[in-house]
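Next up: the structures, one after another.
In what follows, subunit A forms one complex with subunit B and a second complex with subunit C.
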Partner chain A sequence: MKTHSPFAPLLLFAFLTLLLLPVLVLLIWSVARSWPWPSLLPAAYSAAEWKSLFSASSRLVPVLLQSVLLAGGVTLLSLAASVPAAKALGLLSFPGKSVVEMLVLAPVIVPPLSYAPGMHLLFLRLGIADSFAGVLLAHLVPCLPYGIRILTNVFRALGDRLEMQARVLGASPAQAFLHVTLPLIAPGMASAGGLLFIVSLSQYLLTFFLGGGRIVTLSMVLLPLVKDGERAAAAVWSTLFIAVSLLFCLLMERAAKRCASSRDTFFLS
Partner chain B sequence: MANLELRNISKSFSSKRRNAPETVLSHVSLVVPDGKIFCLLGPSGIGKSTLLKIVCGLLVPEEGDVLFDGESVLRVPVERRGAVLVFQDASLFPHLTVEENIAFGLKMRGASRGEQRQVAAEMLSLVEMEECARKLPGEISGGQKQRVALARALAVRPRILLLDEPFSSLDARLRRSMRAFMRALQRKTGITTLLVTHDWEEALQDSDILGLLFDGKLLQTGAPEDVFSNPVSPRAADFFGVRNYFDVEVRDGTLSSPFGSAPADAPDGRYLGMLRPDQIALLPDAGGAGSVLSAEYGGERIFYDIVPSFSANGCGWSRFRVAASLEGRLREGEKVSMSARCDTIRLFPAESDRREPRETESSYARDTQSEVEV
Partner chain C sequence: MKSALRAYLLLTPALLVLGALFLGGFAPSFLQSFGYFPAVGMTEPTLSFYREVFGGREFLPSLLFSLRIAFLSSAGAVVFGALLALLLLRTGRGEKIEGALAAIPVIVPHTVAVLLVLNLLARTGLLARLLFASGFISSPDGMPSLVFDRGGLGVIAVYLWKGIPFAAAVVYVVLRNMNTRLWESATVLGASRFQAFRYVVLPLLLPSLSSTFVLLFGFSFGAFEAPFLIGPTFPRALPVAAYSAYIHPDPTFRPYSMVMVVVITFIAMLLVYLYSFFLAGEERAS
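Right after this comes the complex of A and B.
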């Protein structure tokens, strides 16, 4: 951008405003006691919901803990499973590859409601229904497509030339992966990880069906509040939701940078 | 340091576009004596790179054997073979510094930090890149990248060095200096080297032994002078840009050609005669047998396309390419007479195939699919 057109900063400002305005509205709702239409600002304020959140009897700690552990676990497990799958899809060609690629995307197209009851039945038979492990497993279904898709493109862009080069220089397949491939896909994994966390955190139906009410995440608390019109409480928990997601994304970025030895992201010479 | 031998190597790939698998290498056998440079010359395509990948173990041949010092290495995995491949684009690890790149192989072997540092320093001075030790690959030029790639390969003291068109991505001047650098380095270290290229002038200059690879088959191997002066077939001669063919008849130990007669040690019959551009002399001659079609200025020489009034029966060659000095420059349309020493005419069987070397499909399309089978 050599010439500073007046549009560029204007566009940026508009964009940021569009992003941040809803969050601002959310924050105002969290301290609003009464905000009838058409007032631009609440008629009455109250910090009651926030106080209640941080009070001793609040569900904050167990809900937060379960949400973060669940979503975090799903993220790590999805990434671990996505890497070898993505490597195969991104670098190899084999018969039936396009079918596999389509099947990988299936969970995105098929709504969770259609497979949640069936899954619950299966989990009952396996004895993992209404358990943390069961919900974790269930969350992999909507998350894996994203993980695999993103990392497939990462591998496709990376190619296998560098890993081949590492091998001829004396690296075993494990060494080549650890020292060459992993640092180079780390930024891609961070992006995927951030998305996976949010997808898992947002799951309601699966947690509801397969958790049987024993697994209570942020979404599980949030939806009833919204349904019942508890605007302020919903706003408080939504803010928490956003804060947790943002924090996790930042942590993933930090971890990826360290893994890639804090060099520039995604360099292809 | 090792003697490299390839015996009867064959390899084919299944192509998605065709139903039949495509044969890329067909019964290729060659020997690279210890400490020598073998240059494999061939048109752009995948055969040459495939051969290198087979030697270092990234690909497995369908048939044949690879031997280092007389011992088969086919069962030895890539990382233990000791044959290092340097790719055309250097393939430096972008997340490591120059120094770390060079020390990589040693690190994989478990060498101590001290040893890594020491060898890296040695290699850096060998390739004259000491000031760039801490730089990242993104911060150095193409020529520098190639030097680092060479240093990285030599740091692990490989038994065989494999170079895949290592300098073809560099500009002409840099390419010349890098080639001289590589030759000097190879002489100094004495590493057995197999180099692959599509540039015949480079192949003639850089090799101890030259091999011609066409259509998956090794047409001819030998010392560069031998291969150049005595190509085994018109297709082999084609590698060096030779396309001057004409009818020759041999009777009773004498050949007769449009250029005259000479004693010939060949059985009676019809032959295809060949002369190189530098073997034909031109003189302006109003009654001459040829006329100048075009002139190509080449700096030190001029290449003329001459249309002869005679033509080899049925071969369709209507032009002769002649190299001449800058003196007495000829003009387009000028009539010339062509003369040559008839004892330098190379004879080939009359039915020899003189088609243009077939350009195989772009190697880029193949490179995007992994060919590694490890």
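Right after this comes the complex of A and C.
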């Protein structure tokens, strides 16, 4: 379907510019010292915002630590609950399946505003309101649907023939899962993991309602900066947010590759 | 029966979390919307909060604002996204760009997207500077207000920026997996390029276009950050109005917020139903 008209590449270029230029402008803002109207580029550059981000008095370390621990924990727990659920949804048929499918899909579209206030009342009664554990549990709700969805597709494509074969050859269910199924779904788990991490990292309202302002993640720092028009500081923290997300995704991808290549997969060919 | 038992056993952790926290989290909001809030001594169920909110000055404009924002941004994202996907395929650059393109809107959260839009569209943003440089406006005041405006253009821009690459990635995958012979044979049989698109490609794209539209509609309808940060002060988007009623210091005001929360949830659940309906169609098609 290739064509030689110059129109399509030009239009594509325009599209990509509109989508990517804002990110470039963000990066420029993070190193702009003064950018007066009506200059198209900053009048002076400085690394001051970056320096203050990494200075001793900066909130960087506690915020980053809390964000990564939270999102990392949410990712692990979500994956742990998603793998069995996805196996059931991908490979088994059972009464009530369509209702379950709808329930595990719903939090993708139903916003945190719907369930966060009630969840806060519940957590107050359980004594985990305004705590790390509470926010961790809360984040499972918007994250689980993504994990289950991705892994359901993985299990559907995989089928259960290989695991069955392992069982026939005498493997226990645990052995069959650990040595046959797990290496095969590892790449799917890795890409799901990257997404889950980002979904958790992006939660503002849920973290605010359930953390009561005590659990300060990157999103909790960013929103007030944007609200108050602190453009340079907001640009620096935004860049950090994107860098952390990217880094985690890359790490997950590498982990998946290592997991896939370190095991014998000759039976697949 | 044994397999049903096994399925439910496997589903237990996920269903426990979603049952207790998602459904269990919504239940008190639902009860409070009817004025049932024992923790602050309200135990008489009543419809008066619904009557008051529905009859209030802001509710209907807020609801319409949220619906309009959601409709315009998701329709725009689907149309421009499909166009972008076609361009990627026709220029043959898709394989290289598609992955990165799909990743951008996922990695950049709403709050950062708001910042990007502010940098570009605010009174002293890059667009205003470009217009000044080319002589269209003489001062920032000459710039039409594109953010914080009553029409919600800034909010729509945020959702478009996030939605277009997402829709493009979905459509691109469907187009790539589509049998190109269908398209070619339509052309060989005498269809014009437009006809081939309209009668062959579009019907095959429709299920994924519909499901993407509903998904993006849901995202933008219920989201809080963008309208909170660059939306107008009147009418506020429904989630923003619900939020500010929620943080009211007097807890007996809570039911007003919860009426709006129930309305948002009800519409979101309708979208969930529609989405799963389109999703099922998509799976049958593939």
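In the analysis below, the second predicted complex is superposed on the first by the 233 of 269 C-alpha atoms of A that agree within 3 Å, B and C clash if a C-alpha of one lies under 4 Å from a C-alpha of the other, contacts with A are read in each partner's own complex, and residues count from 1 in each chain.
Throughout what follows, a contact is a pair of C-beta atoms (placed from the backbone, for glycine too) under 8 Å apart; a residue touches a chain by one contact, two chains touch by 3 or more.
All values derive from a computational prediction rather than experimental measurement.
Peer 1: Which partner does A:Leu222 reach: the first (subunit B), the second (subunit C), both, or neither?
Peer 2: In the superposition, A:Leu222 contacts subunit C only.
Peer 1: Quick check on the superposed pair: does A:Leu113 touch subunit B, subunit C, both, or neither? Answer first, second, both or neither.
Peer 2: Touch partner of A:Leu113: subunit C, not subunit B.
Peer 1: In the superposed arrangement, which partner chain does A:Ala171 touch: subunit B (first), subunit C (second), both, or neither?
Peer 2: first
Peer 1: Using the touch definition from the top, say if A:Val104 reaches subunit B (first), subunit C (second), both or neither.
Peer 2: Only subunit C; A:Val104 stays clear of subunit B.
Peer 1: Is it subunit B or subunit C that touches the larger share of residues in subunit A?
Peer 2: C
Peer 1: Just checking: does A:Leu40 make contact with subunit B only, subunit C only, both, or neither of them? Give me first, second, both or neither.
Peer 2: second
Peer 1: Classify the contacts of A:Ser93 with the two partner chains as first (subunit B alone), second (subunit C alone), both, or neither.
Peer 2: Both partners, subunit B and subunit C.
Peer 1: Look at A:Ile242 in the shared chain and tell me whether it touches subunit B only, subunit C only, both, or neither; answer first, second, both or neither.
Peer 2: second
Peer 1: Do subunit B and subunit C touch any of the same residues on subunit A, and if so, which?
Peer 2: Comparing the two interfaces on subunit A, one with subunit B and one with subunit C, the shared residues are 92-93.
Peer 1: For the complex, which residues does subunit A have touching subunit C?
Peer 2: Listed in rising order, the residues are 1-3, 8-9, 11-12, 15-16, 19-23, 25-26, 29, 37-40, 80-82, 84-85, 87-89, 92-95, 97-98, 100-119, 121-122, 137-138, 140-141, 144, 148, 195, 198, 201-202, 204-205, 219, 222-223, 226-227, 229, 231, 234-235, 238, 241-242, 245-246, 249.
Peer 1: Where on subunit B does subunit A make contact in their complex?
Peer 2: Interface residues on the subunit B side: 16, 56-58, 77-81, 83-85, 87, 89-96, 104-105, 107-109, 136-138, 145, 152-153, 156, 367-370, 372, 374.
Peer 1: State the interface residues of subunit A toward subunit B in the complex, per the touch definition above.
Peer 2: Subunit A residues touching subunit B: 91-93, 159-162, 164-173, 175, 179-180, 183-184, 260-261, 263-264, 267-269.
Peer 1: What residues on subunit C touch subunit A, complex-wise?
Peer 2: Listed in rising order, the residues are 3-4, 6-8, 10-15, 17-29, 39, 80, 83-84, 87-93, 97, 101, 103-104, 106-112, 114-120, 124, 126, 128-130, 132-133, 140, 161, 164-165, 180, 183, 215, 218-219, 222-225, 228-229, 239, 242-243, 246, 254, 257-258, 261, 264-265, 268-269, 271-273, 275-276, 279.
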